[in-house]
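You will see two complexes here that share subunit A, one where it goes with subunit B and one where it goes with subunit C.
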Partner chain A sequence: MFRDFLLPKVGMAAITIFATSAVVFGALYLAPGDPVTFLTKGRPADPATIAAITQQYHLNDPLITRYQLWVSGVLHGDLGQSIMFRQDVTTLVGSRMPTTLWLVAMASVLIVTVGIGVGLFSALRPGKLDDSLMLGATLAAAVPIFVIAIALVSFFSIRLGWFPTFGSGESGGFLDRLKHLTLPAVALAFAAVAFVARITRASLREEMDKEHVRAARSRGLASSDVVRRHVVRNGFAPIVTVTGLTIAGLFVGTAIIEKAFALNGIGGLLIDAVSAGDFPVVQAIALLMVIVFILTNLGTDLLQHYLDPRQRRAVKE
Partner chain B sequence: MTTTTGYQAITLREKPTVVHRIRGLELGVTGWIAVVLVVVFTIMAIAGPALAPHDPYTQDLLRANNPPAPGYPLGFDYEGRDILSRVLAGARTSLLGPLLVVILGAALATLLAVTAAWARGWWDASVNVVFDFLLAFPGLLLAVLSVAVFGKGLVAPVVALAIAYMPAMGRIVRSGARSETSMDYVTALRALGVPARLIVFRHLVPNVTPLIIAQATTLFGFALLDLSAISFLGLGVQEPQPDWGLMVNTGAAGVLLGHPAESLSAGTCLALAACAFTVLGLRLSRRIEGR
Partner chain C sequence: MAPLLSVEGLVVDLPVRGPTGRTHHRIIDGVSFDVAPGEAVGLVGESGSGKSLTLRSVVRLLPEGAEVRGSLRFADADVLTMNRKQLNALRSSGVATIFQDPRAAVNPMRTVGDFVLEGPVRAGGRNRDEVLREALGLLTDVGIDRPEQRLRQYPHELSGGMLQRIVIAAAILSRPQLLLADEPTTALDVTTQSDVIAILDEQRHERGLAMVFVTHDLDLAAAICDRTCVMYAGRIVEDQLSSTLHDAPQHPYTAALVAARPVLDIDAGCELPVLRAIRGRPASAYEAPSGCPFEPRCNHAEPACSATRPPEVNSGCSRVACFRASELRGILALEVETHA
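Entry: the complex of A and B
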């Protein structure tokens, strides 16, 4: 199990993370012009500032040494200094983390419950309602999430006044936070819920058409037993994969949602940093987001392996 | 399968007419609605600026955020510009970007995938590694990173998204091209001594073109979502240029004041266009798989 499955998977993830770090590090040197001008946004800098930047980025050393120093800094939690906030990037990103984690957690709960729930319902009850639910899901998955965000604010916050229009409510208690993050989480999860619902239905339908399920039904076994023991158990593998993938993708989506609702998480910070040319912050958040994406996918693969005995056997053979 | 035989019967007797070909597409009602929408949006992208009843750039702060007036059916934006004219004029910028993403992405993907399927060996393996690595990079993140490096505007995000979407299309084209290479006609061409370059670009590429078109249609929808998000975030198209993603953003202030017309009309166009391309892409893919 370890050598045949775990090692290649973890190794592949490690190599991808390594390659990602090289891309994120190298991006600074892809920029037109020399790094000092890029980091000062072309503003005329006094010799002291230039010396400080040259020293901080080790610009006099060869590229490989710079990369090694940068990676060792990242591994020790040193991501450099934010130009915009004149603050440690690690501290800055750390202080913005809770909002994003709350947002992603709430959206994930919606995806798992509503997405899989609608898919299950649709799979088990073929007919008009199922058809229109699935057409709705196809369309919903194609609507930009910032349009959903604006529509939700326009209706629920302005017209009905049920929810606050912006802010993450971190000064208040648990309920206040929940209230502030409900609309953002719904907007973030919207397309993903629709997508997961469609995959769930397709996967379960495929299982229901298989011969052993038909045989079990024709023998008069209770429908709920057939569904639970044959359809859901066998059809769950692709559902787990797709749910994991969509949840992994949520972190990047927070950039859009946090800007739309003026929340102070890391997604919004990423966009502010890009606008202001605060490159160390951009590097840190981009690296973090890709690593989370890769690790979530790895976690999904492992979970899959644990849940489905057929895969374990396939690896052994 | 009855449809296949029916189609063959027609081709044996005579060349399929346009009516037969259109019927043969079997898109269904939703598919045809999608086709109509795609045609409407294409017309808007080509002729939109000319169709605009007023100048989309003329400001008049006295009528900022005003409700609809005669001749101005959607009202005015936060700078007093005609919203309808800006929606029509914005069609071009909003749809041209995704088109470029798809063309560039499809060209790159086809070139890599077809040569990989043909050559196999180390080239195939390296193309695969590149595809695998790119899949670990969410497209939107790559686009945001490209803006951080190369500056605001559409150029960097368009190139970044084309690269990010390349593996999705490349994998499908590669497996399609690979099954073609084992066909008898390819063996025959090889035996005749036809140069590899000619077999690949005269025979393999045309035979995987339906796959490319179906996939490109779906990806157009995704590119529209991602590029409009970039403009919504203020990193792509800049004011005063009209663009749907940007209009959803600039209209947000109006939403808070109870004038959601700008955001909602631009948002509706985006949503309809994205839905149309996604549905059409799905229908075409299903049609090709069924064949």
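Entry: the complex of A and C
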């Protein structure tokens, strides 16, 4: 199991992370603008200052040397200095991480429970309600994330006053945080819930039409047994994959949501850093998002492997 | 003897989503047949003739929205009016179904043992250990070596032939009175087909099980069924003893089917036998003409044939639905004889 399956999978993930780190690092140098202009705010600066900045960010070294320096820094937990905040990127990102993690975790819970729940219900109960749920899901999946955010705020925060309009409530306790992050999490999960619901329904419907399900029915098994043991169990593979990838993709969605709700997370930080040309921060967050995506993917693969005996045995042989 | 299974005037309409909304297509159009305890009845016909659907109707294993009319009685109980619970009881202990492709019919995500025991234990409510003991014996009977190990394996680790034997054993394990076999060898390797058929036949005889056997292989039906019903366009056009069907077909369609079989003639040397296909294509019940459904393809059709449906006429132990059956008898016998 370890040598034939886990090792290659983890190895591949590591190689992918390494390769994307080069892309992340290199891509930023293709973008216009340089740190010197940003730091001097476009004002004419004396040569000594420019030399100091150039020295600090190794701007005169060739790209490959700078990449090496960056990678060795990353491996030692040093992501460089933020140009914008004059602060360690590691500390900066670290302090904002909890908000984003909370946000994504809450959205994931919504996706798994509501998305899969609605899909399951729709698959098992064909009819008018199922039709309207799926129509709703199609519409929901088509609404842009910021429109949802605005709609949620104007209704629940401004009209009803149930939730705060902005802030992540990190200074308060658990409940305060929950309250602050509810609307952002709903907005973030909205389209994904609809998407996962559709996939769940489609996958289970397909499984229901399979011959082995008919065979199970032909043996007099109770409907609940047939659904649980044959339909859900078998139809789960694509659901796990899609849900995993969707959750991994949420980190990117946090950029818009955190801006819309003025949350202190890494998504919002990314947007600020991009507009400020704060390349160490952009690199760090981009790399982080890639790593999270790849790890989630790896987790999904492992789960898949555990769920499907055909994959398990295929490795053994 | 009272029949074990009695099907009378069975009509099945399946829902179809057409351009003008939902409609129904008639697939089975008045099928009647009886199966006595211990008797094997074959249902043969081309694809789309409704033979598989007839079989599935017996345990009401039909697609959602199917409309069923007529009468279906098993051991004197009305199958069509059964509630969920009664139906599950019928399926778990009265009637067992063997499907065409064992790879498709056994859940690939669960172990073989799970499949075998699931029926009797979960649906039949029997003691697991007792069923397991019986299963191991049965598996040995159907020619499975190391049954304990097989039960721990997954379907994809076994060959199709082996899997179909296991399916047969699982069907028998539920102690049914009637076996429904839906082309149980079509998906198998030719070399294992005869093995599986032999095992099915042997097990059936040993336990005195009745069977309805669906196939498009006339010879196979003749070999293991007491009686053969030939289906065309959702109806039974001929019902005869298997032993006489080949030599004395009474319906032109049966005769054409018999003549269409590829027969290797050793005496003819290297020459390939001429295949005598039936012209035209098979019609489903809903698209069949209002007269005799086989009339457009029949070599012996007369103008009268397209006017009305020929009724089923009983004579002794056979039944045929053809206006010209009595006058054609000699001609049809000759047709199949020159072939063989």
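Heads up, the rule we're going with is that the second predicted complex is superposed on the first by the 282 of 317 C-alpha atoms of A that agree within 3 Å, B and C clash if a C-alpha of one lies under 4 Å from a C-alpha of the other, contacts with A are read in each partner's own complex, and residues count from 1 in each chain.
What we mean here is this: a residue touches a chain if its C-beta (ideal position, glycine included) is under 8 Å from a C-beta of that chain, and two chains touch if they have at least 3 such contacts.
All values reported here derive from a predicted model rather than from experimental measurement.
Using the contact criterion defined above for the overlaid structures, shared-chain residue A:I256 touches subunit B, although it does not reach subunit C.
Contact with neither subunit B nor subunit C is seen for A:L287 once the two complexes are overlaid on the shared chain.
In the superposition on chain A, contact of A:D308 is made with subunit C only, not with subunit B.
In the superposition on chain A, contact is made by A:D225 with subunit C only, not with subunit B. By the touch criterion stated above, A:I53 is placed in contact with neither subunit B nor subunit C.
By the document's definition of touching, of the two partners only subunit C reaches A:R214; subunit B does not.
Of the two partner chains placed by superposition, only subunit B is touched by A:A151; subunit C is not. Between subunit B and subunit C, the partner in contact with more residues of subunit A is B. Those residues of subunit C that touch subunit A in the complex are listed here as 59, 61, 64, 84, 87-93, 96-97, 99, 101, 104-111, 118-119, 122-124, 154, 156-157, 174. Considering their complex, residues 126, 210-212, 214-223, 225, 229-230, 233-234, 307-310, 313 of subunit A touch subunit C. By the touch criterion given at the top, residues 30, 132-133, 136-138, 140-141, 144-145, 147-150, 152, 221, 225, 228-229, 232-235, 245, 248-249, 251-252, 255-256, 258, 260, 263-264, 267-268, 270-271, 274-275, 277-279, 282 of subunit B touch subunit A in their complex. Those residues of subunit A whose C-beta lies close enough to touch subunit B in the complex are 12, 16, 19-20, 23-24, 27-28, 30-32, 135, 138-139, 141-147, 150-151, 153-154, 158, 165, 249, 252-253, 255-256, 259-260, 270-271, 273-275, 277, 279, 282, 286, 289-290, 293-294, 297.
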